[in-house]
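Shared chain: chain A. Partners: chain B in the first complex, chain C in the second.
The block that comes next holds the complex of A and B.
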């Protein structure tokens, strides 16, 4: 480990401070009012930038040197370098205790905290489901989807429109919304089957934008930018619910859906189709040579991924009781993708953890509400620089032979 | 016919601006296979710097030509500085990690820059002074083409020629082509790859800044969000032409510009972006590697 307060390091940091002062000068210091033709000089910002750049550059270099050299390249190597967290994850007693703790907390939550907190938690749970859904497409099948929010919009609008025109209830619309989203997943899937990574990314992004723009401009169909209001919250037949109970009901509904998602996604991952997805992600050609139907595998990934977004959308519409196209922008897709990547691609616990962090962090940062998106952007960059494999890196399914454990230090036979 | 010509020239102007930004995307992609989502933000920062410089100089009482030159130069300098710094902070430490990590980092950078400008400046639209001089001989044709459009098209042309010369005939251009072909091999024959990557970011950023200043003085207003839309469009253009290919980026941008211009002129202006993306999907179905992209055979 190098020493970090030597003269040379000081000099480097000083240089950084000067560079950042130069860099931020026009935007941070000068503010012009073009109408009144007044220039406002904010010299105090100059000092602020200089001092923070000086100290942050120390931290930056320290952590960069601290970061383990040569990060893993493929998931195979990742599984060899297990963190303490995943070690803990494997320990049965710790696991049971963790699940018990989480369950108690989840059940008690709405009775301890206010409705406001419950609503935030419901939102976070919606993002857990969205993250797990996108995890199928990006994490397991390796198809980079930048327009995932389109399916979310399809789900939300399915419920809103079916309810508005035909008066269909939430419970009828939930499967319909999911099915509609799956259908759109297949519609998107077909043209992009032949595309490679980044072409796929831009087409999915375009698809997401097309859906949003159509919703925004087709006034007769979707009421345009003003959106649809007065969407009923879900209920049980014959039970009148106050706003408070209804939030709690929605919260438990969401817990149920999240559990269902976790169950289905775990089972899917270890199933025949799940293994086909992972094989497709690792090597498309080898996968085809082994007799995996590429078309079918990719389409199921898109359809099954979209299904969860559709359900999430229906619940989102029911929760906010008002939707408009502004809720389904690219930023939303980017946030969901960040959840998947920050959590550790393919890792289910990681995705859940990062969904909570990424959604709750901006909510509780409301004290600095102006700065929260700035911090969000910075967190994404910092996370990627210092921990590109995500919070909890994915552990590949491995077989253990007890007798071999002494010889093989990793304890895993791949 | 006049209407057609107007749309044609409008599309050409649009396409030129897209091309200036798309080149930055495509060059960066060609060299490190990264979709630099924050590239549009560099363009926005260029436009903001120009606005700030121009306003300050205007209040100090400088002449229009001095303002134009100084604003342009400083916008380019600052955009390059931002592009360079961004690469060092957000992408360089990620050189050897998975494909998705730099992409997320780029999205983070993009969100960061948007909010940085939003907080340090303002969220409102700011009026942008028309820095470009009016050409008098174009007066009779004002309904077909504005003089700012002429400037945009001509500047883009000059920049394209300069870029082609740079890439074809200079040492750094050769190094860039070598790095794009095979980074490891380029390193082995003594190319300083880090320098090449930095240079690519600087060149891309300077073109984005030029595009930013031109379009801002053409349209007459800017805010912190302009970079995002322009960035996505330019990226679409780069993919349309075949990402990684420099003539492809120019062709893709022009095609995209014309598609938007004609579709809005003849069909409906509400669905401008829908046409752009729909067209992209259509092209990619029939040519999965873009218009000029090479279909590489994957070897096992």
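The block that comes next holds the complex of A and C.
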């Protein structure tokens, strides 16, 4: 660790402090009192801002410098540089213990905590599924989708409307909602096949808004902003459930769906189509040269990603029993995207962890009332500065052939 | 094996190929040489369907391929090594090779082919678990060629394999190209700026200028031709 407490560093922090004093001067120091028609000068705030900015900037750069030596070598050598968490993931015993612990906790959770907590957990699980779904599109296939919430809305409205008009039950609507979302995924996919990066992001953003605006304004179809109320909770035929058991049932249903998602997404990632997605993210022309069907690969990514949002939507509608377009704004898309980016693009375990953090954190920060979104934002910024690769970066499988072990060792030394 | 008849290819309104006709016989190494912007890479892209020609015909073993999609053309046995290598930087060497065999389903054959390319380029065997982007330029070119070989192509299209490489590495890569041709009887279509070297490995050559083929002859004759010497060999 090189010397850090030098005069030059102090000077930088001092400059930062002066800059912050200048920036916050109008709001922190000057206050106009309209009743007595005087201007109050709160000089003590100036000192406070200056001192705290100085120390914070110093800390900030200290930690940045502390972090530097590791990634400085080569940003591409992802396989060589992994966090402790990723290493733990590989250890079979630790892995098994972790899974066992998580399973026990998941089963015991509704019996230890209140219904309120169970409901929050169910919401978090919905976001796990949404995050994993978007992870297919953004993390694996590298298609930046800012309108993902549209598919969530499609799922939710499929259930709500089919139930309202035709009285179809939750269990019938779950696959229908998924299929509808997949269909919309393909509808979105076709026009954006030729787009990449920023342009793709803008079109998907527009798509998300179109869906929301249609739901908001087409009163005859979706009942507009007043939404649809009285959506039945899921049940089992012949079983009467109280509100409490019903939320516990929903919780376990969500656990089941989350497990299914994890299973399917893991299998997909290691399949041929998963390979094609990852390759498409890396280089499109090379992909074509290898004989990957670009159209089919992109459309399946959109469709399979949207499927999970559709199922999440159906469950969301069943959980809240009331939906309106206000639940499907761009902010939702942004949160789901943050889950994927924060968790580490393409990493399944990372996405799960960050879904819990991003959804549970604002809930449990309610004690800090108005500061909670500030803390939430700060956590996001700090995360991205200190761990840009995400919470738990993607662990790639390494394949070893029998009979080539010695060469492998040689390769490791090199 | 491959017959290209009077193809014209456009990028938007700009015409890049103004009627190219060429023929490649089974087992040959054919080279296409020419200056910057002559349309060499476009010819190659037209053959493999990435930039399809607006008119003209291309036949591969009698099958018309000029309006096929790129993945179908690859499935027929035409595989290209794109210009600038274009390996997958985030995938390991082995995963890159496996992507090359994307259309194949014989796991056993893929395994033995990976061993085969590791024999061809031993350095890749040492780097097999390294990310493709961390390889040196020469190694990346070797990987790009190996990746194309993994598709077991009948016709291999190489776009400027010497681009940005040290002379010694270029020499090595051209040796291998020759070896691929003689050992596995793969027909090779080589697009090159390095005319001298390309003509030394090839059987026949075409010279291209401004979207047109201006000369076609055996490689030896082209090497001796005064005009070619002046324009491309710097003699």
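One rule holds for everything that comes next: the second predicted complex is superposed on the first by the 353 of 414 C-alpha atoms of A that agree within 3 Å, B and C clash if a C-alpha of one lies under 4 Å from a C-alpha of the other, contacts with A are read in each partner's own complex, and residues count from 1 in each chain.
What we mean here is this: contacts are C-beta pairs under 8 Å (C-beta built on N, C-alpha and C of every residue); 3 or more make two chains touch, one makes a residue touch a chain.
Predicted model only: the values in this text are computed from it and were never measured.
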Practice item. Please indicate which partner A:213 is in contact with in the superposed arrangement: first for chain B, second for chain C, both, or neither. Key: first
**Study point:** Partner chain(s) touched by A:385 [first = chain B, second = chain C, both, neither]
**Key:** first
Exercise for review: For A:286, select first, second, both or neither according to whether it touches chain B, chain C, the two together, or no partner.
Suggested key: both
Review point. Looking at the overlay, what does A:183 touch: chain B (first), chain C (second), both, or neither?
Key: neither
Point to revise | Contact breadth on chain A, by residue count: chain C or chain B | key: B
Check your understanding: For chain A, which residues belong to both interfaces, chain B and chain C?
Key -> 285-286
Study note, to complete from the structure: Residue set of chain B touching chain A in the complex reads 29, 33, 35, 45, 48-49, 51-53, 55-56, 58-59, 74, 78, 81-82, 85, 89-90, 93-94, 96-105, 107-117, 119-122, 126-127, 129, 228, 232, 235-236, 239, 243, 270-271, 273-274, 276-278, 280-281, 284-285, 288-290, 298, 300
Exercise for review: Please give the residue numbers of chain C that touch chain A in the complex, ascending.
Suggested key: 48, 50, 69-71, 74-75, 79-82, 86-92, 94-95, 98-100, 102-103, 111, 125-131, 133-134, 147-148, 151
Check your understanding: Okay, in this complex, where on chain A does chain B touch?
Key -> 19, 22-24, 26-28, 30-32, 34-35, 37-39, 45, 64, 67, 70-71, 73, 138, 144, 191-192, 194-199, 201-203, 205-207, 209-210, 213-214, 217, 284-286, 330-331, 334, 337-338, 341-342, 345, 370-371, 373-374, 376-381, 383-385, 388-389
Practice item. Write out the stretch or stretches of chain A touching chain C in their complex. Key: 74, 76-79, 272, 275-276, 278-279, 281-283, 285-294, 396, 398-399, 401, 407-408, 410-412, 414
